[in-house]
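Both of the next two complexes hold subunit A, though its partner changes from subunit B to subunit C.
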Partner chain A sequence: MVEAVPTGVRAAAVIFMLLVLAFVLGPLVVVAGVSFTAGDYVTFPPEGLSLRWYRAVLSADVYTHSAITSLRLAALVTLAATVIGTGVAVALHRRRIPGTGFLSALVLSPLVLPTIVFALGLLMLWSSVVGRTSFYSLWLGHTVIAVPYVIRTTLAVLATSDPFLEEAARTMGAGPWRTLFHVTLPQCLPGIAAGGFFAFNISFDEAILSLFLRSPDIMTLPIQIYTQLEFSPDPSIAAASALMIALTIFLIVAIDRLLGIQRVAA
Partner chain B sequence: MTMAAVELNCVTKSFGDVQVIKGVSLAIRKGEFVSLLGPSGCGKTTLLRMIAGLEKVTTGSIIIGGTNSTRLPPERRDIAMVFQSYALLPHLTVRENVMFPLRMRRLGRKDEQQRRVDEVLEMVQLGHLANRRPRELSGGQQQRVAVARAVVSRPQVLLLDEPLSNLDARLRESMQEELIQLHRQTGLTTVFVTHDQEEALSLSDRVVLLNEGRIEQEGAPTDLYSAPATPFSASFMGSSNLLDVQIEAAKGAPCATLAPGSALPLEPGCAAAGPATITFRQEDVQLLPADAEEGILATVETRLFLGSRIRYVITAGAHRFRCLASPGHSFAAGQAIRVRIPPGRIRVIGRTLA
Partner chain C sequence: MASHREDWAIAAPGLLLLLLAFLVPVGSILALGVRTEGGEFTPAYVIRFLTEPYYLGISWRTIKLSVVITLVCALVGFPFAYIMARVGPRLRLWLVILITLPLMTSVVVRTFGWMVLLGRGGLVPDIMRSLGLVRRNYTLMHTEVAIVVGMVQILFPFMVLSILGVILRMDPRLEEAARVMGCTFLQSVRRVVLPVATPGIVAGSLLVFTLSASYFITPSLLGGARLPVLAGSIYETATRTQDWPFAAAQSLILFTAVLLLLFPYIRLTRKAGG
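Take a look at the complex of A and B:
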């Protein structure tokens, strides 16, 4: 197959791929590089090597507190988004409810609408219905934008599964509920895991929604990094970012170990 | 009268305004192997799914093992089903798949269940693959797991929807033999859906031929094969030839006149004079040289070599029909020949309206 591709096209493809790699990996390399600097300023390449900014980040309350807030928020968002997203995906997949097409467009809309529109709308809605913003408004906002990812990944897994599995379970003596727990949900598991991973990451690094929906006493890690960058930029922001990257990589490896990345990527 | 294992009483099914099953009544004896045969879209799957409870019955009733099951959900019917796609649970091993119906139906203690599963896996020769997952099996092996999983709970009736259609020709043949064997061993009442007439004939005690949501004809395989009652049955039961002819009862024995001076003799007393349709199988047509003493004059239109047989398309006057001959004697396309059909092999089915 490769032989059939003209040399020019092949060269262009290689160059294009290198460019993509450069733009994807470049920022990560720079952040990681800066985070190990021994100097006082954000410079690349770093001046000398040290772990002093990691030490600074891990001992600074502003970072550890905001990190704990972000982790707690991301965990709760992951929980809510996977439960809601899985339920919606299973319902949409069965196509038993009228207006399935419209409903799927609606629940997937946060994927395509600008986050800022959502943030503003949710803020206004929350203020008029509930009142002051809080950790809960943050939880709600993050969940709303995370749910579509769970729906998408779960629907993708369901689409490739045998449509007769549930009926087969019924003919084997399993009622509707036991079919759900013994057949449908185990089917969805790779999709739920992938969706949960997306949900966690989206919540963990979401800044726009957080800015709109948090109350002044709540600080998430992305906002902390942004504030630090704006008011007193130093290499600690690079170290904090590098730690976020490390957490993401850890999650990917963990999911791969537990479920196999091919199944999740399906 | 012994009680039927499955009884369908005037069952109909409509999807919206379209009626796809138009009143089917059928009693299946305990231990009987019944095939539902018919062309694509005639309603075989729909009928089977209604027995399983996966499709609601519009009117009529379904009795399974003496229990009126018309309104029961599938899990409360004493049935098992093998799906065309096998529908094995991909997250479970072969053993867990076969165990599933026993677990769900809470049949027997854990160790009894284990023993039953081992027994059934041995029966389909899959004991050594018990710990594999379905995706690690070949199509034929998956098929066996599906069958094992269906028979393990010893259901009142075993339902199979074209279970062999995804297998290649050779595997299909050996699976047919295994199914017969399995049926003999388990004695399970079986309803087998297929659109392959050979498969239906070779497997079943009784063939039910469906046409557009109705039973066209039912009976033992040999009856259906040798005595199709309608033109549809005749043509569906394997490329039989159908000819519109004039029956004449000139000097005692009747004959079927294809054209003036060209008549096929029939068995005495098989039909009254007048227009009618006759049918005969293509392997019953005998081809003779043009100078033979008997037979009607005809011409070879095409000749198709099939390996063990040769298929000819023959024209006689305005009529065309097919013939399947052994390669012993050979005629070329365009050659004039004579055709003989043993009178006992020709069936007169229904009168054509003149």
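Take a look at the complex of A and C:
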């Protein structure tokens, strides 16, 4: 019997994994660390421990207003993206409309095509058709890039669903719409919910579209942070960022509980 | 066809959204790049981008950085994905969560972390100074190294997940057979696992390359104004100088390059998935 993996290789592998994880997670740990500093400057390791910068963020209008804008936007994007995305996913899964393969490549294309080109195009089109950019232009833009995530998670669930349930419902006399609402959609629920969390996360964190489509009265949290970063970073940015990281962790755990992160990530 | 009307009905909002709010804006910006004000075809803006030394420099930097970022991701991503495939499912799940966490975090937050780590007085220059590598007040900010470091962190999970998928589908008995036949461990990785994983590495590389060429927030914050990349230049042209046709022409170039790389990517992932 040969030795499965030599001990030396095994040890090197453990060190390698730890180093890579430190690299990948380092910046997030640093941001969280800076947010607890008692000092006046952005330093890591932090100088002393305090929650003063959290108090500063939670009482600063620029942050609370932009956070509320971002939360409202993300909630509306989630609503629109789940409704729209689920419909597309169910139709694609059934493969009864012609050109399904082409259509699915098409609806997933916002995932891989450069967002910056889309952002510029949407800004131009919006300016010429509607006029000034507003909350609604952001809603539209974010929904477009969030829909593919809902489609993917819903398709992942449908792929393992029982195809005969729909047929059974139809033979038992249920109409197409009743079948959809009472048989198909309940099966998709974990996928729709996971897609919804993705959509929320995408919109809440999104910065490229928001940079192009922002208007003076619409400031999202990432744009607020971006503007601060260009001028004078102080630890309040770290506190705001740490809160965003906490929300992201919550959303990832939620997605994992609903669907298993591996099924949607790979 | 009539019996499938409800399929069209439920897909229609999404397809309309995609057509009107994605394809039409993208199409019109691409068209703007090759049109005169009168609406006739002109390659003038594209030619300007491809001939002015300043913009050639931007293209060259974009390509160079994307190549380096892709190589680093592949070199680190293959062993990482291989180890992930060989650990237990629980640990693998944790690793997936840990490497996707930065991906799901806002780009401004991640970049801020790197600004703290790489800037003057940051942890990384401090360590380099104590090793005697650099002088006091050294900063890695506004260097190409900073851009590569920041981008690799973001794009690494795409590479790992794309390789992991391929390795997990591989029959583990292939490796056992190689070992029994006398291969050492590293030989079996190189001669058996690596060839199997190659489609995943290539697909991951194409994806990482296209994504790194189209990001601009990380490069502009970590690289600064003196190290512009193509996507950053599009943003600057559109917002600072407001030269829309020229910004559109640059978008057209970026878009064409990305599309050319995506076709082999789609073919590869189709094959691997089917």
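Here, the second predicted complex is superposed on the first by the 231 of 266 C-alpha atoms of A that agree within 3 Å, B and C clash if a C-alpha of one lies under 4 Å from a C-alpha of the other, contacts with A are read in each partner's own complex, and residues count from 1 in each chain.
As a convention for this text, a residue touches a chain if its C-beta (ideal position, glycine included) is under 8 Å from a C-beta of that chain, and two chains touch if they have at least 3 such contacts.
Predicted model, so just to flag it, every value in this text is computed and none were measured.
Novice: Based on the superposition on subunit A, does the combination of subunit B and subunit C result in a clash or a fit?
Specialist: fit
Novice: Of the two partner chains, subunit B (first) and subunit C (second), which one does A:170 touch, if any: first, second, both, or neither?
Specialist: Only subunit B; A:170 stays clear of subunit C.
Novice: Scan A:187 for contacts with subunit B and subunit C and give back first, second, both or neither.
Specialist: Only subunit B is touched by A:187; subunit C is not.
Novice: Who does A:245 touch here: subunit B (first), subunit C (second), both, or neither?
Specialist: After superposing on A, A:245 lies in contact with subunit C but is clear of subunit B.
Novice: What's your read, subunit B or subunit C touching more residues of subunit A?
Specialist: C
Novice: Between subunit B (first) and subunit C (second), which does A:211 come into contact with in this model arrangement: first, second, both, or neither?
Specialist: After superposition on chain A, A:211 lies in contact with subunit C alone.
Novice: Looking at the overlay, does A:178 come into contact with subunit B only (first), subunit C only (second), both, or neither?
Specialist: The answer is first: A:178 touches subunit B but not subunit C.
Novice: Using the superposition on chain A described above, determine whether A:15 touches subunit B (first), subunit C (second), both, or neither.
Specialist: A:15 sits against neither subunit B nor subunit C.
Novice: Contact-wise, after the overlay, does A:115 reach subunit B, subunit C, both or neither (first, second, both, neither)?
Specialist: A:115 sits against subunit C, while subunit B stays out of touch.
Novice: A:254 in the overlay: touching subunit B, subunit C, both, or neither? Say first, second, both or neither.
Specialist: neither
Novice: Minimum C-alpha distance between subunit B and subunit C after superposition, to be given in whole Å.
Specialist: The answer for the closest subunit B-subunit C C-alpha pair is 10 Å.
Novice: Considering each complex separately, which residues of subunit A are in contact with subunit B in the first and with subunit C in the second?
Specialist: none
Novice: Would you mind writing out the residues of subunit B in touch with subunit A in their complex?
Specialist: The contact residues of subunit B facing subunit A are 52-54, 73-75, 77, 79-81, 83, 85, 87, 89-91, 100-101, 104-105, 149, 153, 159.
Novice: Give every residue of subunit A touching subunit C within the complex, in rising order.
Specialist: 2-3, 5-6, 9, 13, 16-17, 20-21, 23-31, 34, 42-44, 83-88, 90-92, 94, 96-97, 103, 105-107, 109-110, 112-118, 120-125, 140-141, 143-144, 147, 151, 176-177, 180, 201, 204-208, 211-212, 221-222, 225-226, 229-230, 233, 237-238, 241, 244-245, 248-249, 251-252, 256, 260-262, 265-266
Novice: Taking the touch rule as given, give the residues of subunit A at its contact with subunit B in the complex, in rising order.
Specialist: 161-162, 164-165, 167-175, 178, 182-183, 186-187, 189
Novice: What residues of subunit C sit close enough to touch subunit A in their complex?
Specialist: By the definition above, subunit C touches subunit A via 4, 6-8, 10-15, 17-18, 21-22, 24-30, 32, 76, 79-80, 83, 86, 92-93, 95-102, 104-117, 121-123, 153, 156-157, 161, 164-165, 179-180, 185-186, 207, 210-211, 213-214, 216-217, 221, 231, 234-235, 238-239, 244, 247-248, 251, 254-255, 258-259, 262, 265-266.
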